[in-house]
Amino acid sequence: LAKPQTSAAVSPWTTELSTASAESISIRGYDLASLIGSIPFPSACFLLYTGELPDAAAARVIDAVMVASLDHGAAPPSVLAARTAISGGATLPAAAAAGLLTFGEFHGAAVEDSMRMLTSVVDDASGPTDSDLVDAADRLVAAHRADRRRIPGFGHRQHKHRDPRIERLFQIAIDAGVAGRHVAAAGAVETSLSRALDRPMPINIDGGIAAVLCELGVPSDLGNAVFIASRIAGVLAHANEERRAMRPMRPIDPRNHTYAGPAERSLSGPER
Amino acid sequence: LAKPQTSAAVSPWTTELSTASAESISIRGYDLASLIGSIPFPSACFLLYTGELPDAAAARVIDAVMVASLDHGAAPPSVLAARTAISGGATLPAAAAAGLLTFGEFHGAAVEDSMRMLTSVVDDASGPTDSDLVDAADRLVAAHRADRRRIPGFGHRQHKHRDPRIERLFQIAIDAGVAGRHVAAAGAVETSLSRALDRPMPINIDGGIAAVLCELGVPSDLGNAVFIASRIAGVLAHANEERRAMRPMRPIDPRNHTYAGPAERSLSGPER
Amino acid sequence: LAKPQTSAAVSPWTTELSTASAESISIRGYDLASLIGSIPFPSACFLLYTGELPDAAAARVIDAVMVASLDHGAAPPSVLAARTAISGGATLPAAAAAGLLTFGEFHGAAVEDSMRMLTSVVDDASGPTDSDLVDAADRLVAAHRADRRRIPGFGHRQHKHRDPRIERLFQIAIDAGVAGRHVAAAGAVETSLSRALDRPMPINIDGGIAAVLCELGVPSDLGNAVFIASRIAGVLAHANEERRAMRPMRPIDPRNHTYAGPAERSLSGPER
Amino acid sequence: LAKPQTSAAVSPWTTELSTASAESISIRGYDLASLIGSIPFPSACFLLYTGELPDAAAARVIDAVMVASLDHGAAPPSVLAARTAISGGATLPAAAAAGLLTFGEFHGAAVEDSMRMLTSVVDDASGPTDSDLVDAADRLVAAHRADRRRIPGFGHRQHKHRDPRIERLFQIAIDAGVAGRHVAAAGAVETSLSRALDRPMPINIDGGIAAVLCELGVPSDLGNAVFIASRIAGVLAHANEERRAMRPMRPIDPRNHTYAGPAERSLSGPER
């Protein structure tokens, strides 16, 4: 008979993220209880991801990034997969997992690659001016087109001319004083790519997040995590609406749906 | 040969959550661009989930709930499953999905049931005093014990005497002026249950979240969503650390790991 | 700072299923290499699941169950979720996982409950005749209708009058000499339920599998596993077709699709 | 307010795999009911995957491939993730999905890449002899080593000298008359790679499946599907044992477990 797998103990290992004992939980050295009510959730995420609390400017930007990523209506594949799963009887976490599983090369997982690309443009610029960035962007676009490779973080099947989240997100980065070479590089690539294709190819949400995360010094391998940790809330909301309001096993049209929620309103309006 | 499935169009459907057009994205009637940088991420989640923006007190509490839920070290099943998946070569979103799939009856999915239980205790109390709540809690505990059913939201395999997050979370709810009958009911059930079992059976994070979400009027079916949307950030951080720092396919000991990150520090200390 | 999680070794544990050493792999005591090419795959599954190899009759029936479960066209939620995931860029295993996550109360996970229900009808019959089974089925149907509960394993959104797989599957069970009280109970429940509802409510694939697995003595908790282990092949085939032939991120209509494969042909026809 | 997503109908689409009507289900043109009990399950999978029924030799080989892939004890990441998920309270399909999510570059998803690699060796050989294959394998190994890339389908963390499944699988392919240049190429790469590394680097199960699937003319993009559709049965068996026999939320040691099932026995022995 085959021998036992092994009776040797597995090696111990370490984590630099967090720990929990009977009495306390610690995140990167901070007592979790002391963080509750003291720092905003996006800042706590930033601490966990990067190892340090953000300063005030970075705290404002990371919060804006997460709000920008929260939801995009009922048409994204992640929403449709989550609704389909819960419609068959999946639990809420399982439905959210089905939603996550749609994130890939073509949807919601381009932040990391876009951060690497923007960094390469900044590194490749031969001087400090925006014109140097445009030259570097032209070289990048030419190289990608020669290899028939997509440039990650540009273009959206619905927002053909401009992504409504990007201008606002970049303005907040500018106001916070963190917008620098990577945000400029994103603009340079948009310009260069749109000219090369002879049609608008605007920065999309992945590219916009990528640019501001680069400015904050977030490592590129965490780029997609920031997006996913926000968008999961949108996916959960849609899955729960499906469970609450729809009949099981209905065929879910991916396009032919309309919004029937509260009418247009504004933060500054009388309705607050 | 079998006929085509059908050529009939699928019925159109509606959502009350959000919508996106070429020009804008709208969450519950608010232009998403206007929310970016204007309201905190947890408040944006609250809006998406419940349909309305939280007032200032609720905004503070929902943020505290999300920080409290963020992470709990490397031992939870969600972390181990996510690390195991990415160790085999899974992508980051797929590893996060594997983590979500561990959330069930025994781990991270008891908020909803706990909210229903607390509401039933409040409804069952025959008068307005805390003593009435204790009597109702005693009846609930007796009924669950007779049926050998767990009471959701109490007890933790590691925090045997008290969960370090709960006192802080409840204090914030008190300070914000939202702590009422449901928080009191959670305390009454803890008292009653611990007495019945003759050992401490403290409110756990699921039960604590349940109590304050009840106070905020959040529907119970959204309870687990609030927890999951926070904890996913912790799961992603662990998965990414595994990908970045560990060799593929290593056997991952579920207990024998230690924290090797920054030393103990405090928000008010000189290290900031 | 919080203490290390623990340095205590985790308890060793045992499995009764299988083991692997450097030299060999063993399934329930049989050397896996000796099984390769010697027993059919469904029989190897039966061995792994139940602990014993099937006899010739059971081997034929378990193979028939797996063929019957293989695929059901492009409309099931499992197929749509898997296609949606891979359309966003998911890997093939992640897309298959998204498909699995649609299996729940309403789709593909009713075999276990149906086995328990059929066993209760057989146990409840007061005598050995089919008429005794019909009486027991009438009591079961009345009780479920009084509680407004579904009877698992009956009805299909597409096969309103009869499921084309069931007659064939039951005939094979009869020919193999394994059809007994549970197959008869399934027929009795169909009769009773259709009469109570005054419309046909035929045994569906979950109910049909349930009946024959009961006859083979398979424990009910393995019922859904048998279905899933077969259907995953169908889900994988659809996901791969989506990846190979369709453009990424296409909206996938859940109904408006047609079959464009080989024309009708038969096993006995000249085309073989 | 943002406009409805769209009211335009989504384009109809086609599948070449299968279809279902009220009266029948058809797989690649064959009535599913006629396949039940007539062809073995692995042959039905082959039909669904490739579009044609296998001949007798291919039917035997594809069955052997699926038996060889069925299970590998309790140590693989897929088993540990599935056990971890169900231990937290996941359903059986969700636990199986968690298991699938561990399949990636390092575990269970190398068949496709290995098929492409073996085909390139066969195509690169300058003549018909085994010696030509060895020369081609030497060139491949040299190129991969220069780029520090893994060669997919070789090496196993447990089977350091030989994988006990491979010899048997290849013998069945030889007996069936289907072993040709791709099986020979696998041997040539093993020889070349082991010589280059100066230690044994045996063909693993991914590489072995890859070689025989190439011989059967299965497209390489289906390679991982064949493995996954088999191994899921093993993952399900382990998940169900965890649910049935273990306490929830136990820490699961990835190595320190032993086999406690039936003692060693053989197909030909008296115990049958």
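A, B, C and D are the chain letters, set down in written order, and residue numbers restart from 1 in every chain.
Just so we're on the same page, a residue touches a chain if its C-beta (ideal position, glycine included) is under 8 Å from a C-beta of that chain, and two chains touch if they have at least 3 such contacts.
As the structure is a prediction and not an experimental result, all values here were calculated from the model.
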Using the touch rule from the top, work out which pair, C-D or B-C, shares more C-beta pairs. C-D
Greatest centre-to-centre gap (Cα means) from chain C is with chain A
So, what's the distance in Å between the C-alpha centres of chain D and chain B? 38
Chain C-chain D separation of Cα centroids, rounded to whole Å: 21
Taking each chain's centre as the mean position of its Cα atoms, how many Å separate chain B from chain C? 34
Each of the following residues of chain D touches two or more other chains, namely 1-2, 4-5, 7, 9-10, 12, 19-21, 23-26, 29, 73-75, 90-91, 93-94, 97-98, 101, 103-104, 108-109, 251-259, 263-264
Take each protein chain as a node, join two nodes whenever their chains touch, and name the resulting shape: line, ring, star, complete or other. complete
So, in the complex, the side of chain C touching chain A is made of residues 1-5, 7, 9, 12, 19-21, 23-26, 29, 75, 77-78, 80-81, 84-91, 94-95, 97-98, 101-109, 157, 248-249, 251-255
Chain D partner contacts - residues on chain A that touch it in the complex: 1-2, 4-10, 73-75, 90-91, 93-94, 97, 253-259, 263-264
Which bits of chain A are touching chain B when the two form their complex? 9-42, 44-45, 48-49, 51, 53, 60, 63-64, 66-68, 70-75, 91-94, 96-98, 100-101, 103-104, 108-109, 158-161, 164-165, 167-169, 171-172, 221-222, 224-225, 228-230, 232-234, 236-238, 240-241, 243-244, 246, 250-253, 256-267, 272
